Amino acid sequence: MNISQDKTISLPEAVTKFVFSGCHLSIGGFTASRNPMAAVYEIIRQKISNIHLYAHSNGQGVDELIGAGCVSRLEIAYAGTGRFAPTCVRFKKAAQSGAIAIEDYSNYQMTLRFMAGAMGVPFLPTRSSLGTDIIEKWGFSRQMRSEDPRLPDQKLRVMDNPFGSWGDAPKLVLVPAINCDVTIIHVQKADLEGTVRMEGLSFSDVEQAKCARHLIVTCEELVSSDFLKAGPDQNQIPSFCVDAVVHIPYGAYPTACYRYYDYDPAYLNAYRKNAEDDALYNAYLEEFVYGVPDHQGLLNKIGNGRLNAIKADPRTGYAVGLDRR
Amino acid sequence: MNISQDKTISLPEAVTKFVFSGCHLSIGGFTASRNPMAAVYEIIRQKISNIHLYAHSNGQGVDELIGAGCVSRLEIAYAGTGRFAPTCVRFKKAAQSGAIAIEDYSNYQMTLRFMAGAMGVPFLPTRSSLGTDIIEKWGFSRQMRSEDPRLPDQKLRVMDNPFGSWGDAPKLVLVPAINCDVTIIHVQKADLEGTVRMEGLSFSDVEQAKCARHLIVTCEELVSSDFLKAGPDQNQIPSFCVDAVVHIPYGAYPTACYRYYDYDPAYLNAYRKNAEDDALYNAYLEEFVYGVPDHQGLLNKIGNGRLNAIKADPRTGYAVGLDRR
Amino acid sequence: MLDYMLKELMTLAAARKIKDGDIVFCGTGISMLAAMAAKHICAPNSVIFFETGAIDSLLEEVPLAVADSRVMFWTSVNGNLADAFATMQSRITGPHVVGIMGAAQIDKFGNLNSTAIGDYFKPKVRFSGSGGACDVASFVGRTITFMQHEKRKFVPKVDYITSPGWLDGPDGRKKAGLPDGGPESVITNMATMGFDDITREMYLTGFFPGITPQQILDNMGFDIDVSRATEVAPPTNFELKILREKCDPQRLILG
Amino acid sequence: MLDYMLKELMTLAAARKIKDGDIVFCGTGISMLAAMAAKHICAPNSVIFFETGAIDSLLEEVPLAVADSRVMFWTSVNGNLADAFATMQSRITGPHVVGIMGAAQIDKFGNLNSTAIGDYFKPKVRFSGSGGACDVASFVGRTITFMQHEKRKFVPKVDYITSPGWLDGPDGRKKAGLPDGGPESVITNMATMGFDDITREMYLTGFFPGITPQQILDNMGFDIDVSRATEVAPPTNFELKILREKCDPQRLILG
């Protein structure tokens, strides 16, 4: 909790302060949209390792953290980047080689787990996954769980409806809350104190934001509090949930940020190609992540031509007619 | 479920079609704001009785339905109308005389119960009310519950945390879902199909709307779908949840509708005074409810002078400087 | 000596207990005035929020209900009930919330009744019910309760526990499974009271100028320790100015 | 006879199964094209929605992911994941939802694997995982699954049940505690299949023009009843026009 009226801080400082080796981290966004990529790249540059990562359907951010060796354990529902990578490539390799421990949930279950953390309850119930291997197969063993106080003792629990036939749901799956050390989300607008406005779909970013001990918000635009207060129905996260505000335009690049820019098909396609080959992938990391001092360095390398091509059209919020092959 | 593209209907028709004697009804709004008062008065005029009513902190609407004898059972967290009636008067009389059966919950519990219904789960957990009489004292007896399939067998249940020490919550209170026959909410804007935009606070109207088998939306303004689609981040209820759309300006009067009009202190103060005395109350009902053919009739009786006095100021959304003594 | 009303001192006594950075849950009436005054007096970075979901409302005019349109104007976030109560139940934000409440009855452990006097099933007097009070009292770091100082309100045993205080003593909340936190103080038209760190029993912390501890005891249905009490400082000129000019210029609440 | 691609017929075969008033859950790719086509062909009052929370998106351009900005533009409601899945789990709206999905493996009861081939703990091939698929398959009234018609995909037993079909037969879902509803049809590049009302086993309902039931069986890892199958009607001129001109004019999905 940070009660100051100006929570702005540089991205390297925010990452150094709140993200640490072994930390439990969750990142916002969905597949190729609003991933907090600037923060992801900074985590990679700071060589933070052994991260326990939570996401629902986060694509690019998860894959780059895994590819760079930052992640040791992953709880996830879906690792794909839309048509650019129906299954994230470095994730797939890590799963197949056993390089990281993975535990699978459904999207709703991950959302409910973040929501339970945000609500301050140890679990929430759902009817999803009854009869499936999501219940049967635990990615993290019972022993690993019992030895680690930062994991619930059980992946999930099936229980009989304690209200009998009420609600016509004889059995429920209880999914345990996630209370992570830090969540990072990238949003369209925030003020100095950290009040957040997301535009378009908010995915599960609000629940992820509120379940974390610390919250880093990176934003496209730093706006005045008065600007946000003139339209409070559209703001989602109050300042008292926020620890750090980082103003970083194109902070979701190469994923999309609705009303600001689209995803960059050229980057994502090249990424997938590089990801297929270890040597190419190392060269990618050297050039595009370690080889630049910061996110602006990456943007400089990409160049104004490509950034202009993905600029959002004001009417639709995306780059109309963008070559997406 | 109504799939037509024009769900508009008159208020008498909507009430006749969906609200029936003995039905389980929930009404939206909070104390002196956005109560669906036009619908409440229409229910009274149609002399629908024996209603099982659900609300969280609904004030005026609940009190008028009780006062007119429409309600036999009530599940509620709070029956007050702000400073105009810290405890609703007809509610108080009915409770003290035993005229209606009342079961008490907290506001969060009622909200979670509507939410559970909306989510399709039989219960949700909370830590609220542990150690209190909200758990100990059931307004509806075990026998009444076991005889009525439309009530859960238990008011609520206390359970040990099935995830042990996870979440630092050794015990949870499980509150049962509400799935009522019909919910009525009054909103600022809707289109013909029923997509809803509420402005300002939405209270628990969204959860109440989605937990009901049928949903009646009364609205200040009927707007085009294109108008709503130009700002979809601000719309809360999709059309497939809506059965009937009723265009009824001042539909929340005498309670407030943010950005349209304020509550009417003169009406609410006179109401409280009348409510204290059975004869005065009957005279009130005869004159202001039964004595008018419809909501417009009530507005005509109130007159333009008073309606103008409560007109919302465009900057603030309420009637600045209104005499509220 | 300044001329002030008891209601003003009550409000200010509560305001003084709000710490910078607190997230302040309040209802309407003097609890809201206390929260507003605190922002000007001692806790500039405190945030006022309402159970209806409004956060950091400007409050150009005094709202007469927590759902009043006046709480919706110029806020940081207009949310809903689910959001508001989750903020209080949350293990991260909840401990930073101070809740200000009222009730019809209170006992020595700070348990509150706002539901019914007499038998719940045949109430002599029925009140509004919990509203959010039970939730707040269950969840948040600390609560401040406003009471009128009357024997019938300070009772050995409340007729109905609507909102949990320390329940039956030191381990009451823990045994019931409630979070840490609980009643911090009670503020009346005569005195301020706290709860002993060990026994969790109510004790007198302050008596208002011109009121003796004995007068306070005479107006309660149970005895409390008065040995630790000191006189409550009267309102300062600055405090009164804030309260009267910034918080309730129309005197809708102060009267 | 019209010239058409198999992918076009697959898409239209699914579109024809959507009823007016259905709430259509879809992913990207041909499932979304099927939903879009249905609105023009047979179900004008159907509503397309995405697990990301977008309802009734205009879809001026084809999205390449369900979180694509293209699903956020000109919608009825921009919600979130919690809303979207609650709509499907709801006892009121859920039965009206038809979910269109895909998978890496399917068995005769319509159970789907989109997680891993081989041992879950040492996968030979790892896929993306459930995403919302398990939720949809658990909750909604009926599902339509797109598959490539290959022996290695139609298997006697899926390596991992990601999304529940009829589980182990007629009582499978009931025993597991799942809601009513379940797999309705499977559409491949060769055929359409349904599930028997009694046995819940897959059977052939239609074979694409030019394909024989035997060819279909030759490309499956288990036998199915083919006695009830008829030839699937080829795309009409109108259907093709809708699909090509209204749904995917840039041929981003149809290729």
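A, B, C and D are the chain letters, set down in written order, and residue numbers restart from 1 in every chain.
Keep this in mind: contacts are C-beta pairs under 8 Å (C-beta built on N, C-alpha and C of every residue); 3 or more make two chains touch, one makes a residue touch a chain.
For clarity, every value in this text was computed on a predicted model and none was experimentally measured.
Asker: Starting from the mean Cα coordinates of chain A and chain C, work out the distance between those two points in Å.
Answerer: 40
Asker: Distance from the CA centroid of chain C to that of chain D, rounded to the nearest Å?
Answerer: Comparing mean C-alpha positions, chain D is 56 Å from chain C.
Asker: Just how far, in Å, is the C-alpha centre of chain B from the one of chain A?
Answerer: Once rounded, the distance between the two centres reads 38 Å.
Asker: So which bits of chain C are touching at least two other chains?
Answerer: Chain C, residues with two or more chain partners: 72, 74, 78, 89, 91, 139, 179.
Asker: Multi-chain contacts in chain B: which residues touch at least two other chains?
Answerer: Counting only residues that touch two or more other chains, chain B contributes 120-121, 126-127, 167-169, 172, 179, 200, 233.
Asker: Sort the chain contact graph into one of these: line, ring, star, complete or other.
Answerer: Shape = other; not a path, cycle, star or full graph.
Asker: Which of the chains touch, listed as pairs?
Answerer: A-B, A-C, A-D, B-C, B-D
Asker: Which residues of chain A touch chain C in the complex?
Answerer: Chain A residues touching chain C: 1, 3-5, 118-121, 179, 195, 210, 212-213, 225, 228-230, 232-233, 235-241.
Asker: Considering only the defined contacts, which chain B positions touch chain C in the complex?
Answerer: Interface residues on chain B, with respect to chain C: 29-34, 56-57, 59, 76-84, 86-88, 91-92, 95-96, 98, 104-109, 111-112, 115, 126-134, 136-137, 139, 158, 167-172, 200-204, 206-207, 256, 258-259, 262-263, 312, 316-318, 320-321, 324-325.
Asker: Tell me, which parts of chain B touch chain A in their complex?
Answerer: Going by the criterion above, the answer is residues 116, 120-127, 152-154, 157, 159, 161-164, 166-169, 172, 174, 176-177, 179, 199-200, 233-234.
Asker: Under the touch definition given earlier, write down the residues of chain D that touch chain A in their complex.
Answerer: Those residues of chain D that touch chain A are 28-29, 51-54, 60-61, 63-74, 78-82, 85, 89, 91, 115-116, 120-135, 138-139, 160-164, 167, 172-173, 175-179, 252.
Asker: Would you mind writing out the residues of chain C in touch with chain A in their complex?
Answerer: 20-21, 23, 45, 47, 49, 55-56, 58, 72, 74-78, 86-87, 89-94, 96, 139, 179
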